[in-house]
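What follows is one structure encoded as structure tokens, with my remarks underneath.
Order of writing sets the chain letters: A, B, C and D. Residues in each chain are counted from 1.
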Amino acid sequence: MKKIKIGVIGVGRIGKMHIKNISNLRDMFEIVSISDPVNPKLAEIAQEYGIKNYYQNYQDVLNDDIDAVVIASSTDTHAEIITAAAQSGKQIMCEKPIDTDIDRIKKVLKIIDDCGVTLQIGFNRRFDHNFRKIHDYVVNDVVGSPHIIKVSSRDPEPPSYDYIKVSGGLFSDMMIHDLDMVRYLSNSEVTEVYAQGTVLVDSEIGKLGDIDTAIVSLKFANGALGVIDNSRQAVYGYDQRAEVFGSKGQAFTENDKDSNVELDLNDGGHLDKIPYFFIDRYVQAYIDEFKEFYNSIVNGTKPMVTGLDGLRAVQLAFACKESLEKHEPIKLNFD
Amino acid sequence: MKKIKIGVIGVGRIGKMHIKNISNLRDMFEIVSISDPVNPKLAEIAQEYGIKNYYQNYQDVLNDDIDAVVIASSTDTHAEIITAAAQSGKQIMCEKPIDTDIDRIKKVLKIIDDCGVTLQIGFNRRFDHNFRKIHDYVVNDVVGSPHIIKVSSRDPEPPSYDYIKVSGGLFSDMMIHDLDMVRYLSNSEVTEVYAQGTVLVDSEIGKLGDIDTAIVSLKFANGALGVIDNSRQAVYGYDQRAEVFGSKGQAFTENDKDSNVELDLNDGGHLDKIPYFFIDRYVQAYIDEFKEFYNSIVNGTKPMVTGLDGLRAVQLAFACKESLEKHEPIKLNFD
Amino acid sequence: MKKIKIGVIGVGRIGKMHIKNISNLRDMFEIVSISDPVNPKLAEIAQEYGIKNYYQNYQDVLNDDIDAVVIASSTDTHAEIITAAAQSGKQIMCEKPIDTDIDRIKKVLKIIDDCGVTLQIGFNRRFDHNFRKIHDYVVNDVVGSPHIIKVSSRDPEPPSYDYIKVSGGLFSDMMIHDLDMVRYLSNSEVTEVYAQGTVLVDSEIGKLGDIDTAIVSLKFANGALGVIDNSRQAVYGYDQRAEVFGSKGQAFTENDKDSNVELDLNDGGHLDKIPYFFIDRYVQAYIDEFKEFYNSIVNGTKPMVTGLDGLRAVQLAFACKESLEKHEPIKLNFD
Amino acid sequence: MKKIKIGVIGVGRIGKMHIKNISNLRDMFEIVSISDPVNPKLAEIAQEYGIKNYYQNYQDVLNDDIDAVVIASSTDTHAEIITAAAQSGKQIMCEKPIDTDIDRIKKVLKIIDDCGVTLQIGFNRRFDHNFRKIHDYVVNDVVGSPHIIKVSSRDPEPPSYDYIKVSGGLFSDMMIHDLDMVRYLSNSEVTEVYAQGTVLVDSEIGKLGDIDTAIVSLKFANGALGVIDNSRQAVYGYDQRAEVFGSKGQAFTENDKDSNVELDLNDGGHLDKIPYFFIDRYVQAYIDEFKEFYNSIVNGTKPMVTGLDGLRAVQLAFACKESLEKHEPIKLNFD
């Protein structure tokens, strides 16, 4: 099997996790170079993982003899780096969101198209064992025509106020994963959203102009209805559940737990906590998205999460925000 | 313990079930008389349960020496019978809905008030072991302030076309139970609804002017958000689930199953079906609502489901219908 | 459907429960008379359930115009009453054990045989929804040939010392139900037992010559192996589980819980307690054993639990005791 | 953190898995050399994982500049290699069993002791998330004094006849893991065993002098009773469960499943299969045992599985075999 030579651009928390995961996929990838404009430990990381080159400037990565890049830099640099990478003929795996401006995203997608390279977006949850199983039950017609799609997604705690200020708001920062998930699970396109949002967790979040609790109702092109609920703070852990109800039955998933042990005491039964947050919960999904990236490159197939998926998620997040502001349902028109 | 002498007005399927259940509560009730204008087997039923009197006319029941009546006749007779019963000083347990006209319901509630009798409405699900447990976790502050209320309620199969024609539609006929349930679980009042509805199960239902699949988003006076989803046809059985997510945690219930047996074969694990429909699923709840009725009479306390609860559920169902028709959120103004 | 006229002999705790359950099976049974030599509330109970006759002497019950009797008197009276009832041609439902002397049991069974009446033994757990489901999976060959049979059965608290003194010991008093259960679930006969027993719950129980914790290994005529574990004190409730592992798969059951609600707090997940003891746990099984009794009488079929089953359970309990005392495996020889 | 320089002796299926797992623990270990007398792909493997040296002879590994060795060669070579490794001052992680001769094991343990090196045995299941959690509940007194210990362990399919011929039999080859597990879960020593064994899966296994189905009853030094059941063929997958019942409650674990998805169709509920076999089931446990090895070396602490644990497991397996042959309980005397 051919090994893909790869560079990683952006070595923050997620970038480092990708480096570790890719390094463990020894028969698929060889990390040739990494870059980060500010991380002071680049040399150390390069040594630990046996990576030849490390740079401050991402352009140096693109100049190396590599087949593909992973872009895990800050969102505002994505469009520029994707463009440069595509133009130098690299296959691209980019963290979500592609950008916060829809026109800019469309321009980027056109460049990807023109350059004929692969762009995979980091919607890692699509690779989760639970959600992929539900998706498979839908596409294999096990649950029949989808009638109702439900996603519950709640973080264990809100991000910092500093982050909230620049995050673009709950819909763009948090629900965007769930908006992608309902598209994945329904195997269809969203045609309308109606958003309810409120501040119940921390009034300070409201003062920063954001919400912390939301329910979005959805309609799909295939006729199904759907609903997503989000909270910035589930004190019991990172709540990640979904359900598809269809003409032949339903498939739903409970949360993963740290162990399967049930403890029975004289005050009742006790179960383990669910994993704390995404790094713990989606360990394998973060690995599997690189297997997908590898396969799509080697086989010349479309990855499971394309640039168009990246665009749609942003468009849906914006429509939710508009719905909340106008207090009315918003139709989606994808031209 | 004092025994309540009771009459049962309306001996159809539900009326007969009530007769059986009340008869088994020997230390609480004695059924003195029953009436039904059309049931040809009244004498037989009276004999089986050792009931002294049986009549065609409900007025005869009211003239008997009884303390209380159960009204399980057709909806269009409720207002009249409640009025007559209240005016003759009987305690009243009435099936939902009280009526299909909000002004008439209000008039009935005023009469109840004036006559100083108890009116309990047959929202039996409030007495279910699962939902009552969640409710208790809410009122005892175990889950903290409610943030998100979710109810899934799906029938195993649609009613007959004849029934759908006169049912008042999915919101009034089916979701009314769930609209009561979210009030019960949230321990609060609904202030706004947004309804999505569609026809996915059977296009004939659409031709009759009804829907068979619906999602309703809700806002509550206590700030919580909520969502109800309904389908007229869950092929796997009578799907009855709920969840309250709050500041301290969440409580949710899965469906009851016929047994707790897991069967593991070489194609995976297998679980029992869930009960087929409400008669099977809510066996104990139908019994327990009469224990509540008994206690409210003997102790002179308000029953867990009052006439006002009956009114609110109808008002909410109407608001859902209006929201679906206008394609916009509807605010509730309870004057 | 023909109604069976029935008398209840012995009106203690279990007898009263049977009276209530039989009374609620209106279309099957009519209780004509009850008797108890010491219960001072017989008249009251007779009135509550509309029972015509009540006596101190069981012979008066047998003299009444009845088809069948329920024997819920103390164990030492079973043999005598069964004999008298059989000789007067009554169908018989008798609580376990038939007797504590194997020769006397055999004599009783011969009389039953000679008189041509039905004798059903009160091994109520066979009628439980979970265990019956596993049994069905075995007899319908869903799990294939049984290889391993497992039963866990633990009481919530030990009986009184006074009771332990006369109980015949853990094997005869408590495990007897499980010895019947493994026969039921394996659909086979036990051929050998090896018993381990010890005192871990309360040393006072040991001083009374009994044990409170036991594990019994079993061999079955169909080649399967098995194991039963018992404890007199499971502080979390009445633990009742079973499993059959076979050539095609396995079926096992978890405990029933009071509700299906899962509560997730920041210290993990919480489940309801399991029911406290047999009266709560086997509500429906106690009812269903009378449906079986009715059907076996009306259809002239053998009941699901015969006198022979009653004999075998006692023989197995005795063999377990012998194994414990001799510290060696004991072969069963049923002549 | 200091990196441990390590050599891997024996590069078969398990050896290769260890190489992969150790390589991914970059901050703990550096694999310096590997050896295998027959594996023709050593050079290839060495290159894939960036390992400097590869040899046919294990002595060459010991001569390299390494701190520790992993011994994954065939059982008959363990004693010799452990001895040589210990005498050259290496820390040792060795696959189970240490040897098939108890005297030889004792001699090896004495050498380990004399040389002052660490010997960790590869009872990987102790590191499993489920079993470790139960163990923790025991040692932290959450379940109180252990009264009953239960382990179910069933393989998905029997090994080849060739393997069975040399395996030493079910107790030594398969149940040895469970004999270690009950010691781990009970936090105590086994004092007596009684073994039942039979051939139900494949009569050919019986002709080879082995059994394929077994139940072993146990007594423990702390007074607890226990039971292990084994089958060579669970058609539904690799069944791995355990339970500890104690004075304060119980802890038990169900099997892991591939996903948490429940599928509800009109024939009931469906769950995923459990993982097929140990490589799939114990992925993380195989990794975590090397974290333990690392920590025990760096901190100079005893590993969670010592040489003595390796000895005890073999002694117990032999006692089970003796019990089966003599058809009587066997006391354990550890001098």
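Methods note: a contact is a pair of C-beta atoms (placed from the backbone, for glycine too) under 8 Å apart; a residue touches a chain by one contact, two chains touch by 3 or more.
As the structure is a computational prediction, the values presented were derived from the model and not from experiment.
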Any chain in contact with chain B as well as chain C: A, D
Greatest separation from chain C - chain, by CA centre: A
Chain B and chain D: spacing of chain centres that average the CA atoms, whole Å: 57
CA centroid of chain A to CA centroid of chain D, Å: 39
Between chain B and chain A, distance of the C-alpha-averaged centres to the nearest whole Å: 42
Two or more partner chains touched - positions in chain B: 234-236, 239, 248-250, 262, 264-266, 272
Residue ranges of chain C touching chain D (in the complex, touch as defined): 145, 147-148, 150, 152, 154, 194, 196, 198, 200-201, 213-215, 217, 219, 223-227, 229, 231, 233-236, 239, 245, 247-250, 327-329
Residue numbers on chain D that touch chain A, as the complex places them: 23-24, 26-27, 48-50, 129-130, 132-134, 137, 142-143, 248-256, 258-266, 272
Chain C-touching residues of chain A, taken from the complex the two chains share: 234-237, 239, 257, 262, 264-274
